[in-house]
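Presented sequentially are two complexes of chain A, the first with chain B as partner and the second with chain C.
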Partner chain A sequence: MSTSDRDWDEGGPERLYVITGGRADSTEQADLDLVTLIVSREEPKAGIQPELAAILRVCRSPVSVAEISAHLTLPTSVISVLLADLLADGRVEARTPASSRPDIALIEAVIDGLQNL
Partner chain B sequence: MAVVTAVIATIAPTGGRAPAIWCGVVATVMVALVSAEAARRGRAVAALRAEYATREAALLQDLRRQEAATIRLAEQHLPAAVARLQEGEFAEDVLLSVSAQDEALSPQSQAAHQALLRSVVEAVQAEESMRDSAQRGVVNIARRVQAIVHQQATDLRAMEDRHGQEPAFFADLLRLDHGTALIGRLADSIAVLGGARPGRQWSKAVPLYSVLRGAMSRILDYQRVELHTVAEVAVVGTAVEPLIHALAELLDNASRYSPPKTRVHLTAVEVHMGIAIEVEDGGVGLSEEARSRAEGMLKEARAGIDLNDLGESPRLGLAVVGRLAQAYDFKVALPPSVYGGVRAVLTVPKSLLTTAPATGRAHGIGASSGPRPADRPAAAQGAPSREATEAFAPRTASPSPDAYRNAGAAVDTHEAVDTDGSAPVRADDRTGEETPAEAERTASGLPQRRRRRPATGPAARTAPRPGPAETAHEEPAPGVWMAELQSGLSADKPRAAPPRANSDTSDKGE
Partner chain C sequence: MVSRISDTVTEPRREDRLPSTASSAVKIVIVGGFGVGKTTFVRSVSEIRPLTTEETMTQAGAGIDDIAGVERKTVTTVAMDFGRITLNDELVLYLFGTPGQQRFWFLWNGLFEGALGAIVLVDTRRLEVSFDVIGRLEEAEVPFVIAVNSFPDATSYLTEEVRGALDLPDSVPIVVCDARERPSSRDVLLSLMRYLRTFVTTSEST
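On to the complex of A and B.
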């Protein structure tokens, strides 16, 4: 872990816009948020972009977008652009965990109830 | 005359014989004397003539020697002296070594030659030093721009990380980042033309794939560049920046001088000499004449570029490529393209390549462009999560100071930023490590928390960590241990201690 961190300090010669091909935003179209779980459906093929290969490897078991971002030390926007590509090709699957979307009305009702006590 | 005297003596009357004989004798003697004298003079003239001939020959020889010396001065000594001056030798040294050769000349002409040489050398020297200082000034400015650009790029990257979740911000940051990279390339070009190294230095080998994308990062139309097969090698640190820069210039030329809709193809294949990187565009192509002119430009640049020669609308690209090729032993050729466009092939010699698994794990790209076998032990992706998994096991299994010490070697990243009581003990035990691995530091030198820590750190310290063995040998499985951690936390009773814990502590001795 330590070596990878030092590498990161030095940085790579490529900039992020090259990794995403100049795109910055695909959150809406791909419907991804930080806690969406991603799981890969196939092994990386030879010759694909290293970041995509890394995502496919990391996502052998379901991993959230935020975790992928931490693993690849890339910002979330970059990850979601890459994931949008993978989703479009059907190479990964996205599942939005139901528990991560609590019913806001219910919470508000509880808060109201507590305040009324 | 003697015969005439004898005839007269016989035919003359006896009375006049004696005077006649005398006259004859005298005349004979006179004639003899005269002819002897004439012969002597004749000989003297011949001797003189010979002497003059030799003197003339000597003079002519002198003249020829002088002429030769002058020609030698003009054709050999002066150009040699100028060349050596241009290579940076001192004027005095050049004068000393050049002048000592003309022994055959007279002192005056030798002095004259010397004076001529001296004045020429001094004039050249003055011009050279003027050009040198101009170049140094240019390089100096370029260096300052480079420093600012580098700082800017680092800041931008930090901002990109910070605002990575806000797409609108992020898009703007990417645009700024791109613009900064373009400025950086220009500054690099100026530095190279000023005879300096381009930009930053890389201490480690960088995978070729990253190098190619680094080159793409620095051109305006990077979206048009299509990256094809890339050989799985890494470029040694010293050659990374020059290679990136040379390729960026070639890519820039290719994208600039081809129709805006066409693609620029970038491939890197292994060849006998090393790696051949091809940049090919779908433009109109160069005529044979233009092609040879461009190749001539590359060759000229190898000989050295004068900043003054760049002209009003400088085409820096090829000049820079040629200069870099000369300095780093790249071979650049512009062979005819099959598709009618322009094709540039840059060959990187084997000496600048390394097959060692690339160390650059930046952005999790890893050593190779292709996929990695899952069971490779030191795979870039596998290493972090596995270490993290192992790191937590000994703490929960045997929370004795010894265990901490053993684990310390592997997990010092975490411990370096720990704030609990045991941190000092562990910090002392880290003496053997080459560099403390709390590499994530802020600009002020303070250690920075890792992103994942807040979630895992405290929980792992207090809660028993169930079954790391299943995940320990798998590749990344980052979600699995998280899930297990949560289930372990929520369970009433912790599951059995990790089976691998003991072996972990024993086989991880210092």
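On to the complex of A and C.
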């Protein structure tokens, strides 16, 4: 359906289970949208779980949850669990998406932005 | 084989970084059948090379337990392409391409939630793929426009013929596009946004 230069890790469910410490269940996921922007507040410390370190590095500038998933080649469900950890102690900041009921100002801003493309 | 995460992570390229002032993002979904041009559309307007995100669907296995006592589950994964357009210093637009076939609808939950709207890409040689998608969008009250992708060997239909075939009300915009061309894809996005604006201005004036 789609091609990418790099193959997704075919590690299977076991690998994902290890990365999230077995918390792939939805109750442990942060309530994040695919387009919630994440920004790191600190550099990874020594000894940190590699996946968490990778997120902190990728998010030095604002990056959406979907982009984090793409950069780490991990499903968004797994990214949400990892982000819950980082959000809990303030190592990253989440910037929530604009509301789904767009007001006129938002719609005009999107139109202006597209017209400048 | 368990691979090391550091081997597989790519950091965003310097020129792909969003400004630090980026504070909110919106999304539009591009939906359509196989090979209708979803990836082409996303690529033509995106400022970054399209990325791929993976969604998983977990189903409980048939009672097989592994040694750790963890119930084995079947995990189906589906990839979605997406691209990005920085609209201004604060606002970012993401475009997600997703297949329209019913068996992929499990992807739609997180996707359409909060989305501004959808673009239904249509190939006039295979209009039937779009029926279910359109029905589903109407049900979910997701505003959408129809973009007829012009493939060279397809008979060209008048948009009103397409409207009739898809049984759509006059209010739903139908535009013809060439997904390979950035201005064309951008115009489709603009027609969706102008359509959305009519709702807001209509409800505000009543």
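What we mean here is this: the second predicted complex is superposed on the first by the 80 of 117 C-alpha atoms of A that agree within 3 Å, B and C clash if a C-alpha of one lies under 4 Å from a C-alpha of the other, contacts with A are read in each partner's own complex, and residues count from 1 in each chain.
Operating definition for what follows: a residue touches a chain if its C-beta (ideal position, glycine included) is under 8 Å from a C-beta of that chain, and two chains touch if they have at least 3 such contacts.
Since we're looking at a predicted model, the values are computed, not measured.
With both structures placed on the common chain, the touch criterion links A:Leu37 to chain B and to chain C.
Look at A:Val63: by the touch rule set out above, it reaches both chain B and chain C. In the superposition on chain A, A:Gly47 contacts chain B only, with no contact to chain C.
Once chain A of one complex is fitted onto chain A of the other, the partner contacts of A:Pro75 extend to both chain B and chain C.
Comparing which residues of chain A touch chain B with which touch chain C, the overlap comprises 1-2, 4, 6, 8-9, 11-13, 15-18, 22, 24, 34, 37, 50-51, 54, 57-58, 60-64, 67, 69-77.
On chain A, the positions that touch chain B within their shared complex are 1-22, 24-25, 27, 34, 37, 43-51, 53-54, 56-58, 60-64, 67, 69-78.
Taken together, the chain C residues at the contact with chain A in this complex read 2-6, 8-12, 17-20, 22-27, 34, 39, 45, 51-56, 58, 70, 72-73, 75, 77-82, 84-88, 91-94, 96-97, 99, 110-111, 113-116, 182, 186, 189-190, 193-194, 196-197, 200-201, 204. Note for the complex: chain B touches chain A at residues 153-154, 157, 160-161, 163-168, 170-171, 174-175, 177-178, 181, 202-204, 206, 209-211, 213-217, 222-223, 229, 240, 244, 359-366, 368-372, 374, 380-381, 383-385, 387-388, 412-413, 435, 437, 439-441, 451-452, 475-480, 482.
The part of chain A that touches chain C in the complex is made up of residues 1-2, 4, 6, 8-9, 11-13, 15-18, 22, 24, 33-37, 39, 50-51, 54, 57-58, 60-64, 66-67, 69-77, 95-100, 102-104, 106-115, 117.
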